[in-house]
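Shared chain: subunit A. Partners: subunit B in the first complex, subunit C in the second.
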Partner chain A sequence: MSDQKDLLRAPFELAYNYKRSSGPLMSKFFDALAEQKILGTKSSTGKVYAPAAEFDPETHESLSDLVEVGPGGVIESFSWIEEPKHHHLIKNPFAFALIKLDGADTSMLHMVTECDEEDLKIGSRVTANWSATIENRITDIKFFTLEK
Partner chain B sequence: MSEEEKKDYAESPINLEYHYTAGSATTRFLNQVKEGKIVGQSCPKCSAVYVPPRGSCPRCGVATNIEVPLTDKGCIESFTIVHIPIPGNPIVPPYVCAMIRLDGANISFLHLIQGIDVEEIRIGMRIQAVWKPKDEWTHSLENIKWFTPIDEPDVDVATLRFQES
Partner chain C sequence: MRKVAIVGYAQHPILENAGALNEVELIMPVVHQLFDELGISQNNIDFTCSGSCDYLQGAAFAFVEGLSAIQTNPPIKESHVEMDAAWAMYESMLKIQMGDADTALIYGFGKSSPGRLDSIISLQMDPYYISPLWPDRVSLAAIQARVLLEKNIITPEQMITAVIEARTNSKNNKNALVTELVDKEAYLASENISSPLNEFDCPPISDGSSAMIIASEEKAYEFTDHPIFIEGIDHRIESSNIGSRDLSKPSGILASIEQLKLEKIKFDVAELHTQFSHEVPYLQSVLNLSDVPTNLSGGPLVGNVMMCAGLDAIGKTYESLKSHDFTNGLAHASSGPCLQHNMLVHLEKKS
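So, the complex of A and B:
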């Protein structure tokens, strides 16, 4: 058997450059982001899903009643990233957080930054910061920051 | 954004960077491939020959510690004609991916078939490796550009079935 140091080792990159069709409902969600609006969908039970959902996971009905939520919300859960890796969109320490936007009954995954880890609590109020470049994508919300 | 320019899709690139460590069996194999040699590994218990070798016999659960030099000739065990282009793939369809069973081996591996009309490719067809120029050889089976048919009678693939010795 060869020595560990003699083993061949090489870097690889696995990449798929695919396009995802947004569909009629989610297209409206992404288009609204370009206008700095976050949309959710309201089900017949009154529950608001945000980000917008195409179907109600409880009643299985198809959803089309779009309502504006946010841009403020509450942190429901978070995971602090002290040392971002090169593929992270934020280079300074930040948190991935589940954010329940005002007017919504569900939470959305996004990033929270411009704060210290100790500043973040479950229940902290945050608000959306918008990107200067509009791409009709979720990254049009640059990140969330703690409400002043 | 004007109505004409509006996209109904989102770019969703997926990207995974990783390091592959070959392990001792594959390292031995690839060091030979770099020299233009295909060396399989044989099971000391059932004598099955694996190429490319993974270091153990899945049937017997023992290390395949016997090196078996093989030729670059074999036959097509199975194949697919690819008609749909894959973004980023430089090969223009239609082209053929085939499971190649080298002479003396008990398993096959995936490679390209070229040098023949795709309609004429069949299971059992005899083929041989077409190598890249020697100065381009690396630790990769891509040293073989593709396999191409040779003028030998077809093999009955039923004879390729493993016989316990």
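So, the complex of A and C:
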């Protein structure tokens, strides 16, 4: 058995230095973010998945019919973080929220901030705020804020 | 189909911080405890399967090192799942059912203390839409808790009861990490982590390991006169697109209930892989367990070894059936955010 006393410790930060392919469909979603547009995909049943889904989890069909949704939407549920931890992108109090964007039938996970916990409810309307720099990533949407 | 029985289960005491005890040193005692109890060695094992997560160790193929805990010469038939060891048990059971093995050793291990579990678990999700937002496991669980509370499927009082009962039941579990009793006042005063979940609603960071041995029917009777059989097992996964799921309707679990015809079985005991307090009343309701003693071990709220806690639910159900005058037990294992992937296991003791 190892001795528990006098342990030497060294930091070890593991990182992923990879570039991933976004594939044909999600590439269009990430390209559209550069134009501050959010895309969803419509299935043959008329259901709109946003953010754009490559396939329908119910009918299992592959999806390619892109439709614009948002940038406003409704909070379907949320969790409130009063004291963000080191890995959180927002350093002020914020919420992780499932947001059903206007025109969509499913919700997108993102963050909501610049408000107090008491201001948020299931059903609250929020709108997208955009990052200053575009990286074709989901974080091009900086966060959502309550609609004025 | 060949019947498969559990013939042994062992669990390492759950530790807050195993320190310099490495994964091999955590696995060896539980494997050898089982071998000693059954009077066998690795030579009597036809198939070995482990469950662990390389992300926890922070190195590729880290699970291979775990094999140093067992004898691999002469060469053995071996496999691994990057999942909770409950799924390693599932794979091993299939091997036996197919006739490729008569005995199987399963082990799971996890040390959560060296890293930051919240950010590590974020990395396991959709790398396009979800991981870049760094959602922690507690916040995702809290999103489901809020849906269940809002729809009155569960109540805040039920969450408090789940926490208090888990602490009370920890006395039944010699390996439990959290044994301190709490009352409602202490619960309400505890630190908010991600609203609506507070510190006591969440499982403790845990280090540990567990092992299990399963066998074909004929072989099982060589070990015991009262084998505990896996009478039914089913696992289903829901969409990785968390926003397209109905977080108040567990479609996967409902399909498993129908597949296993659970409504016809009177269970004597159940152990659920419920990592957060709100999941306890939710699954008790879904699984119709209101009259069934549930999580007598305290469950994951008093010790939650990643990649083991699902196997532990099966193991604790097995132990309850073995040591009480019980016949039918239900175990549940889970994986993914907001109970995305669920396994139900119906165990039955033959008299």
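Throughout what follows, the second predicted complex is superposed on the first by the 137 of 148 C-alpha atoms of A that agree within 3 Å, B and C clash if a C-alpha of one lies under 4 Å from a C-alpha of the other, contacts with A are read in each partner's own complex, and residues count from 1 in each chain.
As a working rule, a residue touches a chain if its C-beta (ideal position, glycine included) is under 8 Å from a C-beta of that chain, and two chains touch if they have at least 3 such contacts.
The model shown is predicted, which means the values in this text are computed figures rather than measured ones.
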**Asked** Between subunit B (first) and subunit C (second), which, if any, makes contact with A:Thr133: first, second, both or neither?
**Response** neither
Across subunit A, the partner (subunit B or subunit C) reaching more residues is C
Exercise. A:Trp80 contacts which: subunit B (first), subunit C (second), both, neither?
Worked result: second
- Based on the superposed arrangement, let me know which partner A:Ala10 touches: subunit B (first), subunit C (second), both, or neither? first
Ask   = If you stack the two complexes on chain A, which partner ends up touching A:Ser22: first (subunit B), second (subunit C), both, or neither?
value = both
Subunit A residues where the subunit B and subunit C footprints coincide 1-2, 7, 12, 14, 16, 20, 22, 87, 137
In the complex, subunit A touches subunit B at residues 1-2, 6-22, 27, 30-31, 34, 87, 134, 136-137
Subunit C residues touching subunit A in their complex are 19-22, 25, 58-59, 116, 118-119, 122-123, 127-130, 132-136, 138-147, 150, 192, 194-197, 238-239, 241-244, 247
The subunit A residues in contact with subunit C across the complex are 1-4, 7, 12, 14, 16, 20, 22, 26, 49, 51, 53, 57, 76-82, 85-89, 96-100, 106-111, 117, 122, 137-139
The answer for subunit B against subunit A in the complex is residues 1, 6-24, 26-28, 30-31, 87-88, 139
